[in-house]
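I have a structure here, written as structure tokens, and I will follow up with some questions on it.
Note that the chains are named A, B, C and D in the order they appear, and that numbering of residues resets to 1 at the start of each chain.
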């Protein structure tokens, strides 16, 4: 189990800050009408993305879902190309054709967000099988939400990964809701992690807002997968601060519940405090990080805004290989 | 009848609510259709009126909830299932095509499946490739299914009542871009029969058969074309299965030219069926030009708005296509 | 818990004998080329069908699968109409249009066999929901095999039934194989019944070749369902004596294994012996039952063979209501 | 090249085996494809040669195994997935249509999905409504997919090699009734290019475009018709996407008459696309009769053999249809 160096911890904190800053910027650009379509922000869930990816090498892969900005950034996908993609520009990771729900960056092992709930899990089994058959040693971690565990694809993928001992980690971000559906009403188990029993694999529930706990737990699962001992189901409890997508009055949950999570369980504030107590961080250093983040994001926005739109003749490009 | 201007979404909601007040067997189920009102607000307020027993919020389980609708229908209920985006119907195909569509036949006529499956489809909202498809052609190819595609609020309300009262599985294709479009709609319940097209506009030079959102774009194009002295007749089939072939054929015998306009990918879309049907009908001998089609480009729907627009027929494309047919 | 009368026990035995006799007759007719297409025989599994249906009222419903002849007979569907259907005759339950995989008899609560693995489970949730919403009090029992528990439909249906407390019994006939796939290689749990944990419902594994144990267990599950306490998953261990379908060399299992089940775990021989020991049955009485069975089946075959084929103009009848 | 007579099933197996010997990235997965050899024996003996790592027997989980094939392809493998009956593809639609078909495009060209999905389809074996469908039109409507439909052993082997080496998702439609049909097939590997139709028979009076098992029934019909002095040209497109429009159009310019024959339900089948394409092409001016179609009856496939035969075109139906077109 790696003991993270101060530098690594600072990097984790920075990534969490960058994710939140990215999402806040995207939200603003959306309100200003510079981003269209829809988006699913992960503000409040920064620790799951960063903690999980901290346990992965660059060669390891992730599959993501509709709420994927944080996963991408944590896996090393750059905010410039992401921002450009959200603005539908040619310089975006998908050349402006994918948008928020389809950002992918295979060079860093980011196999892509997905607009279909739970679709990343079956795809992940395939990537893991390729790793196994080609002896490439990489592990595949699939991010998905609590609500997606009621899809048949979740069941079939976990079973397949289990019987084939695929090098995988199934990482469930349980943010208590699937869109408007409270997970308490959508499943009859106390913890999503109990579902691991149906596949004879380990299942564990952790605090998804404690980035180090997330990293530690994921590391164990990754080690297990790499040893060829098969997949693990991790349930990380967290909370989505914003609405499900652009238009959500959040009638299905209380303002008090939201307040509690924001005030008392903010993954960034928590980690910041922890690092200050560990004397790894100072307020000055934190201010520097904020400055750097704002600069990085400002550059990303400028890059995106100055980038050209894809030309019309690219409409039918890249359909077939 | 008391008539007001309401939106397409309001019209669908009103039709469902009126049926639910009149018939205890009717209920709705789907993801986020409760206090959230569904992804497009179509079910807003319904759980407040009818309660959670008849407005059933489901887990994210399209295979189970579609099977549940079919099984409940088989046992005498009249479920209305909302599939949040029509693209997610992929996960419900078995229940719709292998079960609902064939059950009555396979059982020798001893069962019926009165269920309505609501499918919000179409592009134009910036949701990209997995949330913007128009795949009604798949369903129209399957015997045992009824396929409805209302283009306006009035038709949406009338066809929804018809669909709910029909004893077969009905695929009800709604269009994202139409939800907020307003139209005059009577307060009272009324039905629009299946298989009856509407001539939206009379013309003499060319008949355009257009579906869904294309009906509106074609009507706009018609105005422009009129200025240039081209008079087109516009027909909205309203229901794809059954299809009102007679109205279409009679119109073409009059105008001697036919163009089918649809949003779905042109290749293999239902417009191909309509065009072939025309070619095989006795309208053939009246044709002064080949039966033509204008459908979507053979591409997944891109995210960038300019590209997205370019992927499906727009008013200017329709105008250009009509002219090219006129010159043939 | 009902203590079955001698008459009820004799009826159960008779139904088991009738099922086996029916299947043997079908097999013969198939070999003689009088039945075409395919068929999935349930010889060896008579106790699951009869035991489970013994716990149901006529008003209760079942959904079945591709191996459904036994389920149908046990639920009260008549062999005449079934045989006629297998011969593709107009007098068959499906007017000759459905065949072996689609026999249904709604009058006795038989909602139909199904050619799609696990498809009967989602359909069953709908029937159970109708029972609940219409207050009709009937319970829905879904028959399915071990192999079908790896379908997403299994997962989604059990979860839905659980969170909605639907009046259902999920009855898994674990005959060790899904076609050629050994269940031991297809799941990573000791018992299929463990999968109930993922849905917070009771799960139990029983001897599927002991008709009374099957009946007793199912009765408890049915009582629970009727009380509105939700579904139960029952795993009944049994064995398919024949191949999966018409053409199966059974290379995936050993002759010894087959012999062991046939010789030592024959559900009919076992029950017969038990009833003789209980003085409920005598060899004479058993011989009478056999005679009656042969007569019933002979009549069914005669009825089927003498019945007319559906006329060509029925091809497009009964597509739409 | 050394040529022998082998069956359609043997030809598919041989093509897969030869590719697997030549390319470690190629492997097969599916239900019961091991010692059982698959429902139709196509994979007989393969697990003995290649072992369980490359002949992967899967659980009964069409959603997982189709996603697994797509994911593995994305990461550099070349999986061949057997869906036991094409009807079961309903459960795999999301992975094929929402994922495989769109991934490359959605990702801006940064991924490719070289996988072959084998789909045994068609009626005639007495398997009834859920095991006898012909739904290739669904796939042909989806941009990003390639759709292949070999009608004989030679084409099956050549197209399989092409499909395996192609870098896109290929839907490979096989026909139950053809598995045991024999043909001359070279031992060596060879490819048949996509989008190249074959003129199976030359003729002067009418062009029939036929697919799958209908190619054989049409050729039989042609013999009968010849006796009556009607000479038909028979074209097998072999691949639906891409479609060899040129060969079809040139033929019709010569014969001046066109009929499209397919097993799928006529309404909304791919034959509608072919017929519409012909009508819109410059063959239109050469037509002496409307472009006609002969497809399956709009019904689920019934179990009774007489009814089953009546549900899809038979030789006599083709003969009758050709005559009716000749008399138009």
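Just a few scattered comments:
To be clear about the criterion, a residue touches a chain if its C-beta (ideal position, glycine included) is under 8 Å from a C-beta of that chain, and two chains touch if they have at least 3 such contacts.
In this text, all values refer to a predicted model and were calculated from it rather than measured experimentally.
Chain pairs C-D and B-C differ in how many C-beta pairs are in contact, and the one with more is B-C. Chain centres computed from CA atoms place A at the largest separation from chain D.
In terms of their C-alpha centroids, the spacing between chain C and chain D amounts to 36 Å. Mean C-alpha positions place chain B and chain D at a centre distance of 30 Å.
The distance from the centre of chain A to the centre of chain C, with each centre set as the mean of the Cα atoms, comes to 46 Å.
The distance from the centre of chain B to the centre of chain C, with each centre set as the mean of the Cα atoms, comes to 41 Å. Looking at chain C, one finds that residues 94, 96-98, 102, 114-116, 150-153, 156, 159, 163, 185-187, 319 touch two or more other chains.
Those residues of chain D in touch with two or more other chains are numbered 59, 61-64, 87, 90-91, 94, 98, 105-106, 128-130, 143-144, 298-300, 302. Shown here, the protein chains touch in all possible pairs. In the complex of the two chains, the chain A residues touching chain B come out as 36-38, 85, 88-89, 94, 96-99, 101-102, 114-118, 147-148, 150-153, 178-181, 185-187, 248, 251-252, 309-310, 312, 314-316, 319.
Partner chain D is touched in their complex by these residues of chain B: 63, 87, 90-91, 93-94, 97-98, 101-102, 105-106, 128-130, 135, 137-138, 140-144, 241, 264-265, 267-273, 275-276, 279-280, 284, 290-293, 298-300, 302. Within the complex, the chain D residues that touch chain C are 31-32, 34-36, 57, 59-64, 87-88, 90-91, 125-131, 297-300, 302-307, 310-311.
For chain A in complex with chain C, the touching residues are 150-156, 159, 162-163, 185-189, 194-195, 197-201. The residues of chain B lying in touch with chain C in their complex are 25, 27, 53-54, 56, 58-59, 61-77, 79, 94-95, 98-99, 103-114, 143-144, 146, 167-168.
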